[in-house]
Structures are given as C-alpha cells and as structure tokens.
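Input: structures, listed below.
Each of the next two complexes has chain A plus one other chain: chain B in the first, chain C in the second.
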Partner chain A sequence: MRALNKSIVGISFFSTLFLLAGCSGPQVRYGDAKAVETVTVDYGSTDLQSIAEAMVRSLLQTKVISGSKYAPTITVADVKNKTTEYIDTRVITDKIRTQLLKSGQVRFAVNINEMQSQVDELKRQNQSGLYKSNTISKTGNMEGAKYRLEGSISSIVKQTKDVKDVYYVFNLNLIDNETGLLEWADEKEIRKSATR
Partner chain B sequence: MCIKNIRFTYFVAFAALTLFGCSSTPPIRSGQGLLPNPFASKPIAETIKEEQKSIAVTNIFYKKEGANVKYVEEISNKYDSNASISGISGSADKPAPESKSSDTKDIFSDIQTSAFPIKFTNVSDFKPSDHPTIQKDLEARLAADGIPVPPSNSSTPSAPVGNITTNSQVVKKAGIERQAEYGQLRSFSAAIRGLLIKSGYKVVMANTAVPVANQGDDFFQVVERIKAGEFNGADYVMFGVLGEMSFTDNVDEIPGTKSTSQQIGLDLIVDFSLIDTKTYQVVASFLAEGNGKEVRIDGRDNGFKPSMAKLMKQASTTLAQDVARHLADQNFVTSTIAEPEIGRNYKRNPYSDDASTLKIYPK
Partner chain C sequence: MKKLIPLFIALLLSACNSNPSVSEMTIRMGNTGNIEIVDMRSIVRNGLLTAQVTVKNDSNSNLVSYRFKWLGKNEIAIFDDEAWKPITIAKGQTGTIIGIAPSPDATDFRVELNQYK
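Right after this comes the complex of A and B.
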C-alpha cells in the first residue's frame, strides 16, 4: 500500500513537471551579432557584414579619399538587386555609409530617399513664419555631393538533388558627379554551398 | 721646348684677353634704362595705397534699348467750300476747326511701353502685311473696335453738309519705334566701395551722371567725364557698365519628393575698368557677375511673390565678391579679402572626441 502511494505521488509529480515544461515559452538567448551564420545558403547577415567591411576597407584606401585634404562629399545612389532573392540593398549601403562616416574621412549628403523629409524640414523652417530668421537653416544652401556611390548585387544559383551552390558578386562604384568619371570600383565575391 | 712653352703661354693669354674683350656687356639690371613696367613685381595697387591715391567708384551705367511695333491711323479732313462760307471758290485743304488735325489711334501701346521719350522713326520701313502675325492681330483689334480694315491711304468722300463738302482721308502708318534709355543703377556699387575701403584704399564719391534729352552713347564716354571733373579729383575711376541684366522665374520638380521649387533669380554682368585719370591708362579691366536667388518650395502653388529688395542685396553682394576676386587676380586687393575664410570641410580625427581616448593636458 505504501509502495503504491509512493508511486502515485511520483507519477503525479513528474506529470505536473512535464505539463509545466510543456506550457513554458521558447528559450531566448542573445547571440553574437558577428557570428558566422550558416542556416541556409541564402543571403544572410554574414554576407552583409563581409560585403560592407570589404567595400569600406577598399574605399578608404582609394586615392580620391585618402589623398584628399578635405573630406569629400558623397551621396548614396541606387544599389540594384539583380538576384532572384529579396535583398534589402539599402541595408548594405546604410552599413557602408555608417562605417565610412565613422572613419571621419568622408561626408555624406542626403540621398534621394531622404529628400522628402529634408524638403519638409526646410519648408517648415523657412516658410511657416514661426522661426527666428537668424536660426533658420536657409533654403538654397544644401551641399551638393561631389561623388555618388552606386552598384549592384547579382547571383548565380546551381542546384542538384544533393548540392546547392550560390555565387554572389557585389559591385560598388564611386562616380564623380561633375565629370561622370568612375573614380573607384570594387567587388566582393561570396560562394556558398549546401549539401544534404 | 722652353720657347714652345713660352709661346703657348702667350698664345693662351692673348686668346683669353681677346675673348674677354669680345664678351657681351652684362645685362642691364631691371629698372636701369628701361621704362617702368606697370605690371612689374610692385603692383600699381601698392603704389596707390602708399601714395594715398583716391579711387572713385561710379554707379553702374546702363543703356536699355527697345523696339516697339507702332500702328498709327491718321484721319485728315478736306473741306470743299463755296463762296457762301469762305467767299473763296474752289477747294482748299484745311483741318477741321473743331477736330484735331489727326486722330491717332495707338493700337499696340501695350507692347513694351516705356516712359522714356521716344522718337518715331522710319515709319515706312515697316509694313504689317509683311508680318502675318502682326497683320492678323491688327485686323482682330480693329474688328473688335468695330473699325473696318481699310486699305492704306484710302480716301472716303463723305456726304456734303449744306454747301460744305468734306472729304476724309484715312492714312495708316505702322513702324518700329526704337528707343534707348540711359541711366545708372545705384544699388550695386556700395558693396564695391566698401570692399575697396576695407582693402585700405581712399575712396571718393563720384557725381551722379544724369542723361540729357536725346542722349546718345556719349553717355559712356568716361574720358570726357574725367575731363569734365565729374569724379571730384580722384586719381583712379572704377567705371562699370551694365552688360546684361535678367530676371528669371523657373519652377522645377524636386526629385524624390512631391514638391516643386520655384527659383527666382536676378543676374547681372558688369564690365568694369579701372582708369588712371591722369594718363587714361586702364590699369585693370574685367567682367564681373552678380546674382541674387530666392527659392520657395511649392511657391508657384501658393502664389509666392519674391522680394526684389532681397534679390538686389544678394546680387550686389555677389557682384562685389566677384569684383574682389578679379581685383585680387590683378593684384589690387589681398586674397583674404577677396575670398573670406569659409567653413572648410577638413577631415576630422575620428578619435578626437572619443571619451575613451587618453588625453594629456600640459601643466
């Protein structure tokens, strides 16, 4: 009888424990944002980081930037996604821009996607009549960018029953807006394979 | 052998003396026996400053030319009277006593009107029929006024009134009316005078030039003006003549936004000469540009009206800056005044403001 009671208590304890464990949410952990991610062969965070790092390193070594006394002004134009995947190319250019700005070697003018907010702010300050004239950021004094950054990302995908191979190539060009001359260009290649 | 050596020594000595005698005279040092070069290392500008010579800056002279298309219709009345009125038989051309001798109808008075007195010249060289657009417009205007379009020099005899017969004659005249207006722009020279004062020059005021009736191009004869003493004894005269002045109003879309920008601009080009009033030598000459700009976002949609005063001030300031640049090129002002230090885009050290950077302060 005693043994039976013990076993009943034990069973009910473990069943309660299992039930509680089943009701709890997923486990959350913070990971290293820079850790290599190999979940799938699709474009991922490691690709983004390696592209940005390679481009920034190469760009800062170019004569146009390293040999200039003044920090040249650059604007970011379009980076075309020529792959079959959805890739937010603005994230790539934003990352490159952030790292370049941190270097202190270049300055960035607002790009076309940021123009609406820039124009709205100028209009608010200059045309609402609400601001002191000596504190207004005046219309007509925006600084034009000397260079623009534009590029593309393309991919070649090959797949068999057991193997999937993806090749990415990211191109970035620095173009002189006045002369139209290509002052700098570089590319970053990435190959990823997955086997079953 | 010894004799040979002595001969050789004599020969060398003789040759050396001959060569020395034949050698060219040393070059004359600069400034000795040569005319002073006004563009030599010491610029005229320094001389002007050192000798406290004065400069008069004129207002900017201009000539505005225009051509109006004019149409004039003259109606003259002929009276055939018999003896019962005048006592003189026969006919005589007389203007109607109660009416004007000619009834002039100015059709194109709204085209390029000018308050300046003009001379109506060369009527015969313009025929509206040669210009289909003008002819069409002319006919439309006449039709709108209820006036039939008569052929040129038409003569319309009217019904006799009592024993007086009137004969009206309509003469159409059309031509191009040319006009020229001379004057001075007074709002663009103050900044230039200020610049010269800042550079250390003595600046005197020039008299205002007033155009006379039927003024011709002698308005720009600066030498005559110097001779007439219009510059109050100034040693140099900075004489400016307006090349072109234009007012622009453009609207463009702003890429990447839903807005447009209205850009209103005032641009002028002035031909400047700096003239020595003693010798009439032109010591500096250049073409300077000034422009004023006002930009209004969505201005056209909101019926924005620009401030001419603001545009003129900007144009005047930029004109003075351009004058300064040209004068600096020709050694008249220092480059620091010509190009004031503006915020340079120096590269910054990314670690300079980093709190973690070790900073060592000297005691």
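Right after this comes the complex of A and C.
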C-alpha cells in the first residue's frame, strides 16, 4: 500500500513537472539586427541592408554630389518591385535616404507620397488664422528637387527538387529633373541558394 | 654606450610610429582564423575614404561575413555599426572586399570578420 502511494506521488510529481515545462512557452531573446540572416532564400533583412549600403556608398562618390559646392537636393521617386515576392520598396528608399542625410552631403525634398501631409501642414498654418503671421511657414517657398532617385528590383528564381536558387538585382538611377539626364546609375546583385 | 645609441633611437622611432599593423586593423570574431588578410590599402577618392582588403580562404568553410568600422579623429567611430555582409570564397580562393566610408569625416578604418551560419 505504501509502495503504491509512493508511486502515485512520484507519477503526480513528474507529471506536474512535464506539464509546467510544456506550458512555459517559447524563449524570447533579442538578436543582432545587423547579423546575416539565412532563414529562407526569400528577400530578407541582410538583402535590404546590403542593397541600401551599396547604393548609398556608390551615390556619395558620384560627381554631382562629391564635386558639388552645395549639397544637392534630391527627391525619391518610385522603386518598382518586379519580383514575384512582396517587397516593401519604400523601406529600401527610406533607408537610402536616411543614410544619405546622415552623411551630410545631400538634402532631400519631400517626395510625392509625402506631399499631402506637406500641403495639409501649410494649409493649416496659413489658412486657419491660428498662428502668428511672423511664425508661419508661407506657401510658395518650397524648394524643388534638382534630382530624383528611381529604380527597380527584379529576381530570377530557379528551382529543382533539391535546390532553389534566387538571384536579385536592384537598380537605382539618379536623374536630373530639369534636363532629364541620367547622372548616376548603379546596381546591386545578390544570389541566395537553398539546398536540401 | 655609443653602440647602444642607434638601438635607443630605433626603439624611440618605433614607439612614435602610430600606424597600426594589418593584424591590429583586423577584428576577428568567431572561427575566422583560416581567413588570411593578404593585402590592405586605402585611398581618399572623391572625398571619401575607400578601403580595399584582399582575403584568402584557407579553410573548408566559405561562410564568412565582413563589415567595416569607420573612424574619425581620435579613433572615434563616426557611424553606426554597418550590417554584416556575407562573402563567398572557396578554399584557396582570394577575394577582394571594398568599403567606402559613409561620410568625409572618416580618416581611418578597421575591418571586422565573422563567420555566419
């Protein structure tokens, strides 16, 4: 009888332990945002970071920026996603814009996507009658961008039973808004492959 | 004593030499002992410091990543940590890594090597 009681206690104890272990949930920890990510062959954080960095460093060396006495004004136009994946190209251009601004060599004008908020703010300041006239930002003084950045990202995917190979190419161009001349262009190629 | 004077001068000059060696400019993390730095050079091009590092892979593993750390005056880092960039080098192959500084304030650099999974 005593042996049976001991067995029941033991089984109950270990059952409780296993139950608690199962209910403890996944372990969460912070990782390195700059680390190389190889979870899948799909477009990932390392691709985004390497594309943005390569484009920025190449663009900073172009004559229209490095040879200019004053920081030229650029606006970001559309970057087309020509791949079959969902890629937020706005994140790529935002990253490029941030790094260029931090270099201090370039100024950016609001792009088409940001125009509505710019117009709304100017209207609010100029037409609401709420602000002191000497403190408002007046309409008609916006600075136009001399250049615009536009580009595209494409991919070629090949797959067999054991291998999936994805090749990305990101193209970016700097175009003079007035003359239409292509002042700079560069591309970044990435190849990722997964084998079973 | 007179014979020791040239030695003292040589020691003094070497102490005054502030140029770091290739190994001092390379920061290794993980299992990268078999990645040999064959050549390291830099130039200021279009106002930006450009570094070129030639590496040779002596190991069977070709999963190496690199990044540059850009330094300004007093060896203070002038930019955030770059992202790690993977490079594929076969055993015995030599690869060239080129880095361009993110701003004209960079006057020196260090190259960081790491393995990735």
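We take it that the second predicted complex is superposed on the first by the 186 of 196 C-alpha atoms of A that agree within 3 Å, B and C clash if a C-alpha of one lies under 4 Å from a C-alpha of the other, contacts with A are read in each partner's own complex, and residues count from 1 in each chain.
The rule is simple: a contact is a pair of C-beta atoms (placed from the backbone, for glycine too) under 8 Å apart; a residue touches a chain by one contact, two chains touch by 3 or more.
Just so we're clear, the structure is a prediction, and the values are computed from it rather than from any experiment.
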Fit or clash between chain C and chain B when superposed on chain A: fit
Contacts of A:Q125 with chain B and chain C, given as first, second, both or neither: neither
Contacts of A:G140 with chain B and chain C, given as first, second, both or neither: first
Which superposed partner A:Q116 touches (first chain B, second chain C, both, neither): first
Chain A as apex of chain B and chain C, Cα-centre angle in degrees (nearest 10): 110
First, second, both or neither for A:T89, with chain B first and chain C second: neither
First, second, both or neither for A:T46, with chain B first and chain C second: second
Which superposed partner A:N173 touches (first chain B, second chain C, both, neither): neither
Contacts of A:R107 with chain B and chain C, given as first, second, both or neither: first
Partner chain(s) touched by A:G67 [first = chain B, second = chain C, both, neither]: second
Lowest inter-chain C-alpha distance for chain C and chain B in the superposed arrangement, angstrom: 7
Chain A positions touched by chain B in one structure and by chain C in the second: 102-105
Interfacial residue positions of chain A with respect to chain C in the complex: 32, 34-36, 38, 45-46, 49-50, 53, 56-58, 60-63, 66-67, 99, 102-105
Interfacial residue positions of chain C with respect to chain A in the complex: 45-48, 65, 67, 79, 81-86, 99-104, 116-117
For the chain A and chain B complex, residues of the former touching the latter: 68-71, 73, 102-105, 107, 112-116, 119, 122-123, 126-127, 139-140
Of all residues in chain B, those that touch chain A in their complex: 254-259, 293-298, 344-350
